[in-house]
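Right after this note come the structures.
The following pair of complexes shares a single chain, chain A, combined with chain B in the former and chain C in the latter.
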Partner chain A sequence: MKAKGKEETAVGAEILSGKGLTRVFGFGPNKTVAVDHVDFSFKKGEIISIVGESGSGKTTLAKMLLGLLKPTEGEIYFAGELRDISSHKKKRQYWQNIQAIFQDPFSSYNIFRKIDAVLLDCIRMRGGRRLPYDQKRAMMEEACSFVNLKFDELTNKYPFELSGGQQQRLMIARIFLLKPKILLADEPTSMIDACSRATILDMLMNLRDEIGMTPIFITHDIGLAYYVSDTVYIMEHGVFVESGSADDVILNPQEPYTQRLLNDVPKLHEEWDLSTV
Partner chain B sequence: MSKVILEVNELTTKYITRFREDIYAVDHVSLKVEDGKSIGIAGESGCGKSTLALSLMGYYFPPLHYSSGEIIVDGRNITGMNPDNVRKTILGNEISYIPQAAMNALNPTQKVIRFIEDVIQAHNPRVTRQEIYELARERFELLGLPADVLQKYSVELSGGMKQRTVIATSVILSPKVLIADEPSSALDVTSQKMVIKMILDLMEKGIIKSLIFITHELPLLYNVTDDIMVMYAGQIVERGSADEVVFDPIHPYSKALMGSIIVPEAGLRDVKLTAIPGTPPNLKNPPAGCRFAARCKFAMPECQAISVNLRDTGGGRTYRCIIPEEDLRKAYENES
Partner chain C sequence: MKHLLGQIFRSGKFLFGFVIFMIIMLTVLIYPLLVEYPPLKTISRGTFLPPGIYVNVYDSMTFSESYTLILDNAATKRIASKLNAEDRQAMKEWLVIGAELPEDEIDVDDTAKLIDLWTTNFDPTVRLPGMTNADRNYYIRLTASLDGLLATEGATVAVANEDTGVLEEKYVIDQTTYVNVGEVPNVRVLPLGTDNFGRDVLTELIKAISVSLTIGFVAGTVATTIGLILGLVSGYIGGIVDDLIMFITNLFTVIPSIILLILISFSIGQEKRGAFTIAVVIGFTSWVWTARAVRAQVISLRNRDHVNLSKLSGHSIIHILAMDILPYIASYVVMALILQISSGILAEAGLSILGLGPRTTEVPTLGLMLNWALIYQAPLLGKWWAYFPVILIIALIAFSMNLMNTGLDQVFNPALRD
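Right after this comes the complex of A and B.
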């Protein structure tokens, strides 16, 4: 019943926030602080990007948000309430609200399970276990056609029989069925080439309008972040060094780190300054 | 006109699958690279970029097989050479190749210097270790890499450093042509910049004479190479200078490809990225006509039937389309 109340949250209300979120790996001389007392507040419906280089702690943060890693310190609030994933049941409930797409579609699927099973699982998670098969099939067909795949060609196949772009689209079809409130996309387009990238981004944006979710992009591609998002967070060594609206951060960066990142990206209309390496 | 370093005429190579099917991944590709020039190859995954890179070396191993055409390196025809001979006399000496995940090429149980010794001694067994060390140290310093890297194991180096070490090693014998296949795709922007700077340094300092650079990242290609070739389904569909191909593409495929570029510059958010509908054709039985026809917005009925050769516009630009250049330009204008 609680979940129902949350759906009515007004647009712009806080959906996910964190206070002093920290994660430490190792101890003693090998201690690494991957995420260091990070505060954030993501609003419902806005598109958020977290940008940083390898090793900046983006993925660790994503894993904590998903509940796959326990924070060493700090709290995460979901829809205004402290997140509670202490039991398996609560965790499953939480995962109805937050889902992820990962970088590498080739390693995101169980290789022993067919595509039908992947999609049926999603229907089951949304409480459609007892639906007649025809109805389930119609749902799967709808989800596949949303991402320009044909269910008739996929049924009885294994995910690894598809190309990388197709697998990534199947991942989006999963999200379409699950209708989560938050989607964490961890480098969703870095393994696929530039022309399929536009397709994937289009689909994610359509999905956002369709089911009203809040997408969070985690990426090292500052151009992608600028293109898709409303709010950009720049992460360096586990800390957000700069955040703000995409136009402010990208076109008028204040922090030297952001300036350096932008300077290092090859561009079309500005000369790429190779002397600053 | 300066000297042509690498000339490829109508090169066709194929994969033979275990079902004995022929897949022509590189189909009648011709190109010329002059001394001091670099050429970029762009295209989506599966269009044959990497196969072209492998084919250019003249070193074929199953399932890749040579079919027809010729490769001439600095006046020497290397087609039909015995693979062992190619490996001993061409690879490393004349043509060097950096694969996509070059950093994984380092043996974790050996120091970097042993790796370099292997490379040099494979071509000239008489060189002593001392000579190799001196040569390697000099070369590494010239390229801005610390000489103590030589005494390290690969696990002690960062990703970008490993990549640069492998590149420095692969050009240790000063080859004439360097073929770089996505040398920076696994790195973040700062390491990518260092790798690119090093490759450009190699050209500038005369260690290599010409460069073939393969990537699907167009902004990078635009900044690195003089010329760009766009590849689609095993064929070259357009070639021109980097400026021309990026800002003024002729072929509908290149046009669509340029519409998918994302760079963090003002104005990007006002543009809608174009996605190309459909998928590339299966090369097992490629279409009889234009290979892009099925996905092309401007396709006419005859596109499906007639296959077109590359058309020269004059001024070194070529494109493969049945529609004349002016009509294509008009169509693009009407669209926008």
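Right after this comes the complex of A and C.
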């Protein structure tokens, strides 16, 4: 009865995991423990969701996983090995494997750089710096058409000239070009209009099938997590209070916090209506 | 970009400041093309010649066509230039007290009668009660200037005969003789007179503006560059680099930059203090404020998502600083640069007034002009043209740049827009 738009893919080896991962902001009386000794193990190919209400530390965790924020404590393992991003070169290599889509498309782009530059950056990141422009252009056109955008209409424009939904689709086109092993999508649909949400989600799922990446959805919407994911982690005040397969956690919640999140989604046990996702 | 420029120029304050600044700039650029006098050449014997048009007397008598103009009020004007209303009143007072003439018999407006009464009655040896020496000298000078005032015949020009040494009459210049200034070969306009060294103040001033603007520009660029680089690095990298840079910055903050400036200028020594050196020294002592401001802005930018996205795209720190941070603070940096330029000009003026400015022989600066005017007591002597235009220009430059700055602030900070 789960209305998932995805095929069951074989779940493989561990791709990303963390042990005792902690991040503290500030000190003294202003101290905030945003992420508090979390352990997790994400497998290759599975679809993961991290669910928690606003302020529970999801974005902080995502930034640590992306290597944009230093953990206060704990380790992160990538493909079974302790992650090493101590130099720019190693960071670059890491970022060829893990990429992100941020919550607010309007602040995700540099307002002084054109769309072309954003996409060319991705080709360069994949080692295509020296390709002839025709080939680069063909790649950009392909990426744009994958997300139903026309490159001809975007070239020489700035990202802020697009709507929120189009900007998020451009983000997906970026991922299409980068072909990372892991994609962290931090509430990718929460800032855009309801009509675009389902499209964005569909495109992300198609992209997953296309390039075989492991997506990690971060959301405050447990219904959406149920709709898309295999494995769900429930986060409260920086701690994973519950985790497991989406069916187990959501149809049979053990924690009152999970229950509360579920109560906010009235229509869960009915047929899922795409337009409200 | 176009849109932004449009907005900037629609800001009244910016436009006003910009126009004032451009007028100054254009004057500085165009004046030397039209007038090729060397700026620091002594052209007058005697100092502080008042502003005016100086016509060569010798040329007007000998080399210029002379014309006769019959003008009704010529004599009156000539007399008035020697004998004004105050002089007449003073003469009347003397005559009433010193010669005990009845007051109603003296008509100050009847020049001929007044002078007649004066020549018959005035006695320089008589001391009136309460009369100072200065008063006495004034009356004696006045008497001398009255000599020949009412003459109607012309002046005779005589030249000594080469052989005999006897003066021979050459010609007579009538009171109705005129020359056309345009035909006199040597006329020098000194709109702002001359200074204590007998140099043309206007030419000097224009050169000084251009030198001071250059000093301000160099100082501002040096200060902004240092401040920008330190601010960017310390704000973006953080950690121990930040601590170190902030330690240096705090050191510079604690010591007032003017004191540092004075000490450095003093220790450089008179010989090496060129305009460029002074500019660089000013720049090196005034970057602190820019560094702090830039750092604060960078800290608020470095965790933005567009910076994160740029990192995820594999860009280097240099690329991120140059492309993802700098453009966002560019407007701020431009504003800081404008303020630094104007405060650089003021700093040079302050240093020069203290006698620690650039070396004096080659170029003038606004500060040096003030320094000279002060040393030679122009304000005390009432020679306003030697210092007032300089002060006015310094004020105008600072005013126009601050106006531009406020105008930019209003465009870039929508919260300030009214």
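We adopt the following convention: the second predicted complex is superposed on the first by the 254 of 277 C-alpha atoms of A that agree within 3 Å, B and C clash if a C-alpha of one lies under 4 Å from a C-alpha of the other, contacts with A are read in each partner's own complex, and residues count from 1 in each chain.
In the analysis below, contacts are C-beta pairs under 8 Å (C-beta built on N, C-alpha and C of every residue); 3 or more make two chains touch, one makes a residue touch a chain.
Keep in mind that this is a model prediction, so the values were computed, not measured.
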Label the relationship between chain B and chain C on chain A in the superposed model as either fit or clash.
fit
The answer to whether chain B or chain C touches more of chain A is B
After the superposition on A, what does A:T22 contact: first (chain B), second (chain C), both or neither?
neither
After lining up the shared chain so the two structures overlap, which partner does A:D121 touch, if you call chain B first and chain C second: first, second, both or neither?
second
Once the structures are superposed on A, label A:T155 by its partner contacts, choosing first (chain B), second (chain C), both or neither.
neither
Output check: A:N110 vs chain B and chain C. Expected answer is one of first, second, both, neither. What do you get?
second
Once both complexes are placed on the shared chain, angle at chain A toward chain B and chain C, C-alpha, multiple of 10 degrees:
80
Pick one for A:F102: touches chain B only (first), chain C only (second), both, or neither.
second
So in the superposed three-chain picture, is A:A194 touching just chain B, just chain C, both, or none of them (first/second/both/neither)?
first
Quick check: superposed on A, how many Å separate the nearest Cα atoms of chain B and chain C?
14
Based on the A-chain superposition described above, do chain B and chain C contact any of the same residues on chain A, and if so which?
none
Spell out the residues on chain A that touch chain C in their complex, using ranges where they run on.
63, 66, 68, 88, 91-92, 95-96, 99-100, 102-104, 107-113, 118, 121-122, 124-125
What does chain B use to touch chain A in their complex?
44-46, 159, 188-190, 192-194, 196-197, 200, 216-220, 222-224, 246-247, 256-257, 259-266, 268-269, 273-277, 279
How about chain A: which of its residues touch chain B in the complex?
53-54, 148, 163-165, 192-199, 201-202, 220-227, 246-247, 250-251, 260-262, 264-270, 272, 274, 277
Can you name the residues of chain C that touch chain A in the complex?
304-306, 308-317, 323-324, 327-328
